[in-house]
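Read from first to last, the chains carry the letters A, B and C; within each, the first residue is number 1.
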Amino acid sequence: MTGIYEAMPLWVLMTSLVTALIIFTAGEPWHRLRPVINLVGASVKLALVGVMLWGVQLGHAFMVRIPLLPGLDIVLHADALTMLFVTLSAILWLATTIYAIAYLEHAPNRARFFGFFSLCVAATMGIASAGNLLTFFIFYEMLTLATWPLVVHRGVPKSMNAGRIYLQYTLGGGAVFLLGIALLYTLAGPSDFIAGGELLHLADEHAGALTLIFLLLVAGTGVKAALVPLHGWLPVAMAAPAPVSALLHAVAVVKAGAFGIVRIVYDVFGIELMALLDLGTPLAVIASVTIIYGSLLAIRQTDLKRRLAYSTVSQVSYITLGVALGSPLASIGGLVHLVHQGLTKITLFFCAGAYAETHGIHRIDELDGIGRRMPWTTAMLTLGALGMIGVPPLAGFVSKWYLGLGAVAAEQYWIIAVLLASTVLNAIYFLPLLHRAWFRPPRQGEADPGEAHPGLLGPTLFTGLAAVGTGLFAGFGWSPLAWVEVIVTREYTP
Amino acid sequence: MTLPDPFALAAAALLALGFYGFVVQRHPLRRLLAINVFGNGVFMTLILVARWMPGGPDPIPHAMVLTGIVIAVSATAMGLALVRRDLRQGDGKDGGDRD
Amino acid sequence: MTEWVPVLVVFVPFLAGVVQFMAGRRVIAWWPVLASVATVAVSLWLTFAVAAGGGIEHFMGGWQPPLGIALRADGLATVMILLTAVVGGLVSVYALEAHGTGDPRASHFWALWLMLWGSLNALFLSADLFNIYVTLELVTLAAIPLVLLAGPEKTVTAALRYLQFALFGSLLYLAGVALTYGLAGSLDLALVGPALTDGGITGAVAATCMVVGLLVKAAVFPFHVWLPAAHGGAPAAVSAILSALVVKAAVYLLLRLWTGPLAGLADGLVAQLMGALGAAAILYGSIQAFRQERLKLVVAYSTVAQLGYMLLFFPMAVAQAWEGAVYHGLSHGVAKAALFLAAGNVLVYLGHDRVRDLKGLDRSLSVSLLAFGIAGVSIMGLPPSGGFIAKWLLLRASLETGQWWWAVVLISGGLLAAAYIFRVLRYAFLQAPDRPPATTGPIPPPIMALPATLLALLAIALGFTAAPLLALLGGLPEGTG
């Protein structure tokens, strides 16, 4: 029995994988049963994640090891950091599934869509619970392959083009990443993710090689994390249907990249080696540039989804910034942003999808007066936007507060300026939306009220209120913030 | 240093001629002939090897040549059938890059 | 009993082919099934026997070499026979429909294919240089008429060119064998090594003749010119067999000779040259595959590229490279057969295979297209798949031997493969806005769609079965490197 319990990460992964396989095998004719399969899969996963969360909380270390070759294992494990990402993904998968069922009610090729959608979630689970770099890479590439059919789902030339650009970036990143892993294995042999890393003893002799490897690995993960100048695919990929943009581009894909950077910094290289090789500051600079540049570009967008996409480019880099600074408080800010940004941004994308689906609204200047027509959706948009700007006590504020404290602790005062500038820029590109939505009169002939379909509104309300809740109740024992504090304490106490 | 064996010279000439023909000729029939000339060079080499073996002529290369000739005959027969078919279609001058 | 298994592995399919040839269409409904099942069964028997008890050697008719013919089943030969059984078995299932009672030439297909199967197994088991020549020719002479089954009017030029190159290649090889016999007085793979090493210029010429002859047969760049038209023009089942197994037989011989008789001659510069040919094949083949307008030609050029990976073994010549090259042969065999069968289904359904006109295909042919995509994952060398394991092993070998330039080739090759595989998928995913594609044929029945899918899934499964297969293969033969 212990073996089955130990292998929990594998079962969590399997729930999505099996769901995907059933959907593929059943095919299009089963359209009545498919939502049931989807929801059952998502619920079972959530229950299993709950069990695992309980176990990790009690200090249990789950681990599965599947040997591939001598010295080459697939390792799935569940530490506190894993659970942060897994829990977020499992909850959001359930919400997005409900949303997607409503969104694609009459669209063609739904079997293919939901099959690959489940496959993406399986890959995300694998990324979260990967116990070594090779396992991480396997699921990282699987995520690339499984998202491509979703990006091109509409099958029009525009989405095909988006798919091509997406692949060029992500497969290119994957290739660089693989080279980095192979070099690392050659230099140091196989090694599991372990807090602090195991490379410190090589620092004197192989400083140059280690720096090169770090560069390759960060470039590989930086593509998905949309670090400037590797961010080009993200806005283009908005050609995908809204649930894809919401879950994948707000959560799974970009988070996979950011999560990879967290793992590389904490569990491969370790804080100490990062400081020794002086790698933290350059990474923090790149993250800061991304934060500012992404926001500047967001201001220029007239399309709602593209503005949100550039906002993602900017916001995800808070995570990188947090781990790059190398102080415990900044790490808390960065890691907790993984959850906060996920909840907030998925709400915003849900709203954008609801506008498009209900009233055909895509551009920002079409939002005039939408607050009166779709009050609930617009209320959630407002909460999301304010959360992103970082208005206290919403979730975004908590992340920025800790990042700021961390910057002070690390004596990197310029970070404060970056945070302030970013907040101002966020306000510049989000507040006009709210102004249009609430205070401008609706255009002529478009005054008919019409709230979104309940299947779209429900998940939006859920994630929107969850985003508020994580901010409001950040001080409580089971909040993401408390969980992140546990992770960071473990990382910084050898 | 003895004088070169005339058989060896003949074998070398056949090999060279056959190789040259294979590289230079474009017509399928000529190419097939070039392959056969080259093949005869190879068989001649085998016979020479048998002759040079210590302890008199060695029967094994002879057996190999016989097997080789049988294979060469059947392959050439198939080749000729293909050439005939190809030429009848009228585009035997160049290769099969196009379909 | 076990020492007779190698004989069965050769003669069961070969004699079954002869029977099929004599009996003709009368037995077409049941004889191919029986013959294929029996061949797969004896091949698996051999695999398990070798896995359990190590290599097997058999002297035909009790005659010892040099007069007798020896069959030697070591690890390398056994994994190749296993590959042939798996790919051959699943392609046979496909062919039961494609070349079943509805095909007027069905009897020819089965007679030739079963003889080819037997010849391939004989080639893998051959333990002396001359028998290798004979089996190589048997393979060629059975393969070329198979190409013509697509309709002589379409493929005769390709078949003729294939024949010319194949004949020339094997005669060149035979010239090398003749010189080797002159030096060593023996043809046994295990005995001729020292004489070749000490043979001075003659030894070098002999080795060069054999290696170049085999390079021609293996369609290694720049001797690939005969391959695309022949493999692209043949019927799908034949293309799958040729690309997955027949060209690989020649590469197999290169590996076998290089790690056996030629081990003492393997010079660093020559090895680098072989690697360079492999790299050129990878880059050239992939770029050509990307530029092709017909689906089957895309897949055929992909074979040119993929064979190049196996040549990267030569410059590195360490255990990981050996395992990587052979494992690449296995994964490519399975994945490429899947690609060709899937492409064949497209051809059946659409009546053409123009890449640009595949629009909307994913709705009507989703199973075959999924098989194409899954097999593509292995071809690209992305995880989890057999192709990834092979690439990983080669990558590690290149970095461990400090020859980082091959790592660059490996990585770029994977990206180029992604480019040509996704190009096909991109066109197939495009929606036909108003109507389904104008079809001329029926949707292929499951018996044609499933073998492609199974082969594709096997290519993925190979990503998890490396340990037992590499244990069966055994390490790098001694004295290499």
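By our rule, contacts are C-beta pairs under 8 Å (C-beta built on N, C-alpha and C of every residue); 3 or more make two chains touch, one makes a residue touch a chain.
Since the model is a prediction, treat every value here as computed from it, not as a measurement.
Taken together, the touching pairs link the chains end to end in a line with two free ends. Among the chains, the centre nearest to the mean of all shown protein C-alpha atoms is found for C. With respect to chain A, maximal separation of chain centres occurs for B (centres as means of Cα atoms).
Distance between chain centres (mean CA atoms), chain B to chain C: 27 Å. One inter-chain figure worth recording: chain A and chain C are separated by 43 Å, centre to centre, where each centre is the mean of the chain's CA atoms.
Here the CA centre of chain A is 67 Å from the CA centre of chain B. Listing the residues of chain C that touch chain A in their complex gives 360, 362-363, 366, 370, 377, 382-384, 388-389, 392-393, 395-396, 399-400, 407, 411, 414-415, 418, 422, 426, 429-431, 463-464, 466-467, 470. For chain A in complex with chain C, the residues that touch the partner chain are 24, 27, 66-70, 72, 108-109, 112, 137-138, 141-142, 145, 148-149, 152, 154-157, 160, 163-164, 167, 171-172, 174-175, 178-179, 182-183, 185-186. Residue ranges on chain B touching chain C, taken from their complex, read 15, 22, 28, 31-32, 35, 38-39, 41-42, 45-46, 48-49, 52-53, 58, 60-61, 64, 67-68, 71, 74-75, 78-79, 82-83, 85-86, 89, 91-92, 95-97, 99. Looking at the complex, you find that chain C touches chain B at residues 66-67, 130, 133-134, 137, 140-141, 144-145, 152-161, 163-164, 167-168, 171, 174-175, 177-179, 181-182, 185, 187, 225-226, 228-230, 232-233, 294.
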